[in-house]
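Naming follows writing order (A, B and C), and every chain is counted from residue 1.
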């Protein structure tokens, strides 16, 4: 019996696991599939008519899609946060959930990539970015870098997850030096994907609001707030729905990281506000539009003030030890942080970068129903991927999914 | 001779593999057609396109990587498509840059009165989508005493121009010598030609709009919907890198009327300006009008602090 | 009687045909006027005479004795003279001796096709710019022989300021979108206007 047989057993068993579930499991999957189908049908409309079905224009040429893209790259980067305490500080408790973190990273990268795909005017030409076959503008183009780091990150995480799961399935633990090396690379890679994503914006002197060296740190800080927020919520859900158990210290360390990161995020926002408003100039025009509106135009005002309020409430909860340790309050803070950062980094950063335009025109943007439907479809897809991966992970870790030799009496060839 | 040519020769490997791939795809296509016993040139399937044309367009290589024969095929496909879709027999050319020529443009803002004649001459010459409402040139109405673009009026619609207390600033692609859009493009779908014109291969653009974010002059425009021109208004003299038919989902911009200027003609906007505010010519010719202006007038460029080195100047006298 | 009317009609018709054919042949053969810059570079100027409705002027003026008195003229001459702030009048530029030519401030007679040399009498800097390409309008090509328009082809010499006119329509926005109307749009004030309106009154 060779290695390929073992892989086949693993895949068959995993698929079997995915098709056994409670009514709640199936209604969740069904709900996601409905959202996904709705998104797909909206995408078909977009393919037929072009991006004219979105709210984007020559004035505001990126919108809801790229906003979500920027945010989910952050989630993907932060999901690997668990790797650092697990392997560098050798925290056994964190190691218990590290596979869930990687599953989330995979799902989030896929979501990010899909948001770029739906934003493309000519998605069928995506093969043009493949080096040698197409024409890859590397190293000049930051988007080329982003393509590279995101696909690399996806591969790294997928490989690690599959490798570890496969070993656990066979009742072994990963010991190889190569594996440790890959884990270390993944950590740095995680920082790089979000930095490069920040550079996609900050590399444009044409857009004064984005053109700040603070954008990279701001992206990382806000990712390290929103990422743990999502992980805490997810771990809570998994704990309540499955028999999977992990130490409360994992939640504690995540909540602490999140607290510090959210404090830094708010500090960075404050620094930006000061710089832009103290001596208001060209650089501050977008910020003025975002927070106050220009000449009565300010579609983004409710978004950004809501985000600011959510983040402030969240950080207040997190900074009070008694509240942070109370799971109900912590979950509230997590939800607030997640959506607060989602707005702040997406609609509150990508869109106002275009307003006023480089020729000074104040032109408004709001997403259309088609855009929102497609975005929901992609979210559903991401959650579907995560559900599938997490269910497998939980089954393997609980020992429910493990290799059973079909012929136990035959001596095993190793 | 030209940069494009030498680059084409320098990368034979990728070109070869792709050409083989195309051939194979083409063969597969004709096989399938034969098997289905459908006349290969019938309309209907492939949006009325022959299978070979559909495959050929899809697998078409980036302009600079194509061999001269491949470019000829691409031009023929564009002409066939235009004929099929609009009934107009267009000519799609591939006029190379003129050696020793780098184009430059200067606008005399004391002569520009804001008529917008240039805008509409451009729309007509360059087959800009009428339904999609594309325009390459934007004339800004500025308040005297300031050059703050945030105070510009893009949509002035007074009975007469010029209005008192205003001056006019036409903006279009500046054909930067250090173009941020070219740097931003992930697939090399846009580049600077040897004559200084920044062009786009509309068949290679993936529509990511990185270039639109990168451009400080709002020169790049996106085809949010299918650009359509009524058959009777189509300008049939076109250039692959210029005013040939475009498609939905790609960016486009002013290209100094490459189809005209490479044949020695003035760009349509320069010809249309009734006040002679637009001066165009060869920057490398010391006797050219553009050089006279640059050397004898007080010129300025927009957003020079961004180091884009526009080849588009403004002056007043 | 009918014979006379018939022959008169015929004569008239012949005259019309002849004049039309004459006009056509004139339009076909536009003879460019050669010119050189002070540096010796050659350029060509669009001829002016062929555009003049009543040229040659001497057709009528040979019958009229010259009258140097400054006065307002009437049709067929332009009745409005808004040029030079009343420091100049017809005979500043039109040659009183030879009605078919113009004259510069030195009193030299200048052909209508070389009108720019008359303008140059006062507008020296403009004339230099025009010769080198900093002012005026080039025709057709940017390359090869330089052909430019003559001054009176853009500026009516009697009212030379370019007249205001209606602009073409403002730019549309993307299909499916409307331009946001600024509800609180304010009139921008220049620095001096703001200073004037601030507490200074």
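One rule holds in what follows: a residue touches a chain if its C-beta (ideal position, glycine included) is under 8 Å from a C-beta of that chain, and two chains touch if they have at least 3 such contacts.
Note that this is a predicted model, so its numbers are computed, not measured.
Taken as a graph of touching chains, this assembly is complete, with every chain in contact with every other.
A centroid comparison over C-alpha atoms places C as the chain most distant from subunit A.
Should one ask which of B-C and A-C has more C-beta pairs in contact, the pair is B-C. Computed from the mean C-alpha positions, the centre of subunit B lies at a distance of 35 Å from the centre of subunit C. Rounded to whole angstrom units, the spacing between the C-alpha centres of subunit A and subunit C is 68. Each of the following residues of subunit A touches two or more other chains: 52, 57-59. Contacts with at least two other chains are made by residues 132, 138, 151, 154, 224-225 of subunit B.
Shared contact sites, meaning residues of subunit C that touch two or more other chains, fall at 173-176, 179.
Those residues of subunit A that touch subunit C in the shared complex are 52, 55, 57-59, 295-297, 362-364. The touching residues of subunit B, when paired with subunit A in their complex, are 14, 17-18, 58, 62, 65, 132, 138, 140, 148-152, 154, 171, 180, 182-189, 204-210, 212-218, 220-226, 247-251, 306. The residues of subunit A lying in touch with subunit B in their complex are 49-52, 54, 56-59, 61-62, 116, 119-126, 128-129, 132-137, 140-144, 147, 200-201, 203-207, 282, 285, 353-354, 356-361. Note for the complex: subunit C touches subunit B at residues 39, 41, 129, 132-138, 140-144, 146, 149, 154, 162, 164-176, 179, 188, 190-192. By the touch rule above, subunit B contacts subunit C in their complex via residues 98, 108, 113-117, 119-120, 131-133, 135, 138, 143-146, 151, 154-162, 165, 224-225, 261, 264-266, 270-271, 273-276, 279-282, 287-290, 292-293, 296-297, 317.
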